[in-house]
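For reference, the structures are reproduced in the following blocks.
Same chain, two partners: subunit A is paired with subunit B first, then with subunit C.
Showing the complex of A and B:
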């Protein structure tokens, strides 16, 4: 899960804020509840681990941390580099379908990892598109490039480099027109233009973005599970899953989890002073000052490669899904049950995420005390570092230790766990504009004498309708594509589409997996694009 | 997944399910929908459990291929339900050893009455968990490579581990681990994780039995050829059938399926000069089960000629009773290893973890 970074301090928060003690109380209660929940989950794992035999702690943790760091480091560096190149090209070029490409890039962050891994196999596997093409053209296969370290990194790049490109493009688009005009009149070369105008505009976003990408890659689960090729390439997250699911080594799992929390916390703290990275879904205006000559050629080249590298695997997913027996899967009751489960869980956890993010964010914005504000921000971050698999395990054991069969509690637990996992992103998107709004509208609110509810109803929700929609879409898509939480709780009776797809892959039903992958992909992108708009319109009509 | 068309046509239905039953082996209400009324019912004090008492449910955790529509699960369910006045539910865990882990995770809240699909190599550890009850059956009539004395687990099939290949892809298969290691790096095998799948553990033991202290070297030699280590046998076999791997760790009996079901005679098991290790698959009753008598009845049925007749052409392993002429002819032409390797159970239990570490370290 990626971290929203701490937003910068408003040092002199004036006492002119509307007095909202209830908001602060609600937020504090939520924060304490989340903290207690996480502490309780850990306690349950530790208690269970202490009471079970076995638990050999044989995993070579340092080797694992080293390998995971190398993988995440390479992913981060390459993602930022490719992201900058793509943003640069997109900022300069105008072409038919540009909006669509940018829209799809924005959706990369929510594309289910299992779908991307599947697309990678279709394209880069030994009998994938690339090898079929080279065998046909040159009579030679280039082998399977989808498995192993580079397969993992490539799959991560598909998600993270495009995510970076979308964020950085926003920074480039925000460069004031006056600045561009001066640059143009000075006759800057493309390189000078990049170093003098572009780089200063994106420089500030790079550390925060790098931290997000590092954490995403460091905690990656489905991609590593599918493309890692077994024990040789693991993340801590997958190793924890293996410790629990394959060795029943709970103590080992706890140790691995603590190491992961430590590493992630260090990254979060290092990046904490940086501005947060909100998710962009808006329209890109681009610039009218075009580069010429080789630079323009290079831009087309970058864009072409980027689109091919990113879109080919996803197109392959859709193609394979359509070619496979679509009707056969669509007429199966299990498919519809899994689809319904996925949607209900997605919507529920999206609603819960919004409530939590609003509850915490409103309280935080309403409080003037620095320590309190920090305290209200912490649960969000604490959660960020906790591996999804560990969270899921904690829930599993807690429920079991209460004497309830995990299957009975599964739906509720999966909803809560997914909501908590989406919370960091939600807070990063909702927090800063909430703060800004309270600052800017404080006078208006006080002069109108609005109460807390009216303030929410008439000021905050209408003005933040876009962000609210984005939060819902993000949380829905994360939960819709989740495999880390459901992997432990899923049963034959209770499964989501990603789990159904993972199982199909594990039992020769490649065709079923292909169909589910295609539907997951299309549904995720549609939801991500449609939900914010739908919400914007809904709240617009109300106010 | 993209597949070469030629390969698609050659797919075994077991691996490429043409007619997947709509709902897999088990059908129940969606708990998503169920849990809300259930919670309400509990609050209201309503006794929803009353109906559950009428016909006992026998819940069996097993591995994916066993519970699948084409596996032995459905026929065994039908066969046993005809004699037991109960409802049998097969639940596919991630993998064979995964079924055991799931019961360990669920503890006393587990629904499982039985686990089917462990093997003699993991039996020692499974026994140590204290989760299993004795079978109390008389198993003298079985026909197995060894005399059966285990009081806890009941054997239900056996075969030898082997690497399986397609002669149209690999014209000259390696005849030993060393020959396999000497192949160019592009020669890939798909194997299973010894921590989750019994064949994966079987390979670790096989190499140990054949090479003893040199096993680590063999693993280091194999490492470049390992395409992937999957958590479940099914996933590896699918990769092999998709053409992603040249050979897959499976059984000497696997080719029978292709002959029986597709009349495809091109799939073979490579015979290794070192000899092969046998696997005996077992089932056991859980101590926490409220239906232990019924569960023992199922074990008795599983080892009976009626159930055993189902096993060969669904699980593609040898039966543990002598079926004589009833054994499908596709089994009679199978190549069998010239020599069989074995390791004592106590030795496995004592050293399993260290040997798995040896393998994992070599692959890292």
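Showing the complex of A and C:
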């Protein structure tokens, strides 16, 4: 007889799912722990706001909200537009190195913001490549184009437009071959093809993607910190950091954090209120329909500009790192201490992220009850409502209220905070294939009488090895390149590479910063490429 | 007449290539059958231009079709599913069969829909139609395109028996009336018996003509 939990009328799901109560209990426990932690941090922010009477609010909140919204809004609109154009071009064109270009675009999501900001300075800054060229050619420079609103937006576009392109390209590549055949046999023009075949395939993804990009831009920290160029272009996230670390204005920081949470929650609610749109997945095999004439020229133009816009700043980072005094930085003990701290924190956060994502995902996939499944999915989105600096502020206040020096709690806090920050991306990577796998193999698993461990060991882990590797790579890279959390907790004795780089920039040691930026970039991209392959092989060999 | 002469194609890493030779005539339905994976859809892809032949010839009334891209070949396609763009209305789907949307278009669409028994459904979204209705809309579009070749890839397999029989009848009568050269790929023996004027089977990557069973003429 089926256990009571599966006896509801909720769905046909229940009738064939393997009975895994322990998975549901573990997932529920994790979800409650995460929810309690977030609630505790949030409560600390609120209590501090209510009890602090001595501080004064020295910041114009509405100016910050307006600036942050304008910056995030422009970033979102332009990222989606450029992302669509790039995805369209990549979907149509076949050329040597196409897979490499797509792979590099995929790495945009993990490229540290501080590295991109540095790349912008290398190209568009006062002593950057563009100014050097104009001074050499015309005898005068065109000024610093990296700072200010458009510098911030351009840096965001490097990360977010390529991220959008990667997601939208997957949708275009998944258009069924049969639909393409019909369209081609009807002789649709490039414009008709886009409006009749492409747009319906991608439009369902645009609102969710826009919401994610808006939130990423709204809560962007290192790029605004480095390229903001002063209070005029400051955003809420940077203002919170400045309030805590520079002005020691906790009340101001708490007010700003509350406003930040409110705006982010509104965006999430608006995005979540839209009914989900079914999307095609997989890769269509019938793609040999190439546009001709002006459309093809336009595709090459878009792709060329996209590659140049994305790669130039990153190439500049590597070039500047190589021509700076690499050996000098590499022989310093402080560098190796920071590098070791970064790697240890990155690996620990990645392991914790995987445990959380797998624990929640397995329980969710084993559960038939809709409300329980919803409940297990909610804590995952903690980061979207409570961004990095706010989360760090919550931790900072909690640690202080417990009478612990922030420096002492720093390692644990940075690991937990980074794991929570990576959790939405990890769950988005692992959740859907895990659900699909459990659904598709449920009858087979039950008929073979496999227990929970056998199901994990012989079916789920081997079949999801790629996704497990991707989750570890994403979480490691996010944590490795993070500046938002470490900025509040870092000390001279406890610093990561991004923090060391930020401090080097702050004290005008740009050569040091250049070397660290180049190493950060190379290490992040290598980890992003190597970790999934490593785990794919590891789990494959053991299965 | 559509003529394939030793039309060859091989997928990457495939040692032996397909080699297709056959004839299909106007006003006739030529059925192609074979086991799963025998190459039925590959044959349609070659005729449609979606796969590029490595050797051999393909001609329609003496005109070489091989240099033409799919959109340049005089053909219409009807598939098991995905024949329509489901987010568009019936009228918009049918209008894609017209080279230009002019003032006559609305009348032509109405007439085409009437011919397939779907008059009055112009403004309905394709997604809201039944499987049989969708195939009829695709046939209405084919009527407007007025191309010589009609390629059918398992077009009845998602339909119930009654709808299936009615749609088969419609395909048969339109082929006669429009003088189409219709190629039907199907693994369903009933469809082949009911429709085929000529019948080829794919065996060992070659086409082999076999006699049409008597029931085909009477249905």
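Operating definition for what follows: the second predicted complex is superposed on the first by the 498 of 543 C-alpha atoms of A that agree within 3 Å, B and C clash if a C-alpha of one lies under 4 Å from a C-alpha of the other, contacts with A are read in each partner's own complex, and residues count from 1 in each chain.
Going forward, a residue touches a chain if its C-beta (ideal position, glycine included) is under 8 Å from a C-beta of that chain, and two chains touch if they have at least 3 such contacts.
Treat the numbers as computed from the prediction; the structure is a model and nothing was measured.
With both structures placed on the common chain, the touch criterion links A:265 to neither subunit B nor subunit C. In the superposition on chain A, no contact is made by A:69 with either subunit B or subunit C. Of the two partner chains placed around the shared chain by superposition, subunit B is the only one that A:340 touches, whereas subunit C remains out of contact. Of the two partner chains, neither subunit B nor subunit C is touched by A:134. In the superposition on chain A, contact of A:439 is made with neither subunit B nor subunit C. Looking at the shared chain after the overlay, A:185 reaches subunit C, while subunit B stays out of its contact range.
Counted by residues of subunit A touched, the larger count belongs to B, out of subunit B and subunit C.
In the superposition on chain A, contact is made by A:288 with subunit C only, not with subunit B. In the superposition on chain A, contact is made by A:396 with subunit B only, not with subunit C. Once the two complexes are laid over each other on the shared chain, residue contacts for A:197 go to subunit C alone; subunit B is not touched. Considering their complex, residues 1-4, 7, 14-17, 20, 22-26, 28-32, 35, 38, 64-65, 68, 91-92, 94-95, 97-98, 100-101, 104-107, 109-111, 128-129, 186, 188, 191, 193, 195-196, 223, 226-232, 234-235, 237-238, 241-244, 353, 357, 360-361, 363-364 of subunit B touch subunit A.
Within the complex formed with subunit A, the residues of subunit C that make contact are 48, 50, 69-73, 75-77, 79-85, 87-88, 96-97, 145. Contact residues of subunit A toward subunit C in the complex are 176, 178-179, 181-182, 184-188, 192, 196-197, 200, 286, 288-289. Listed in rising order, the residues of subunit A touching subunit B in the complex are 52-53, 56, 58, 60, 63, 67, 118, 121-123, 125-129, 132, 143-144, 147, 228-232, 242, 244-248, 316, 320, 328, 331-334, 337, 340-341, 344-345, 396-397, 400, 403-412, 488, 491-494, 503, 505-514.
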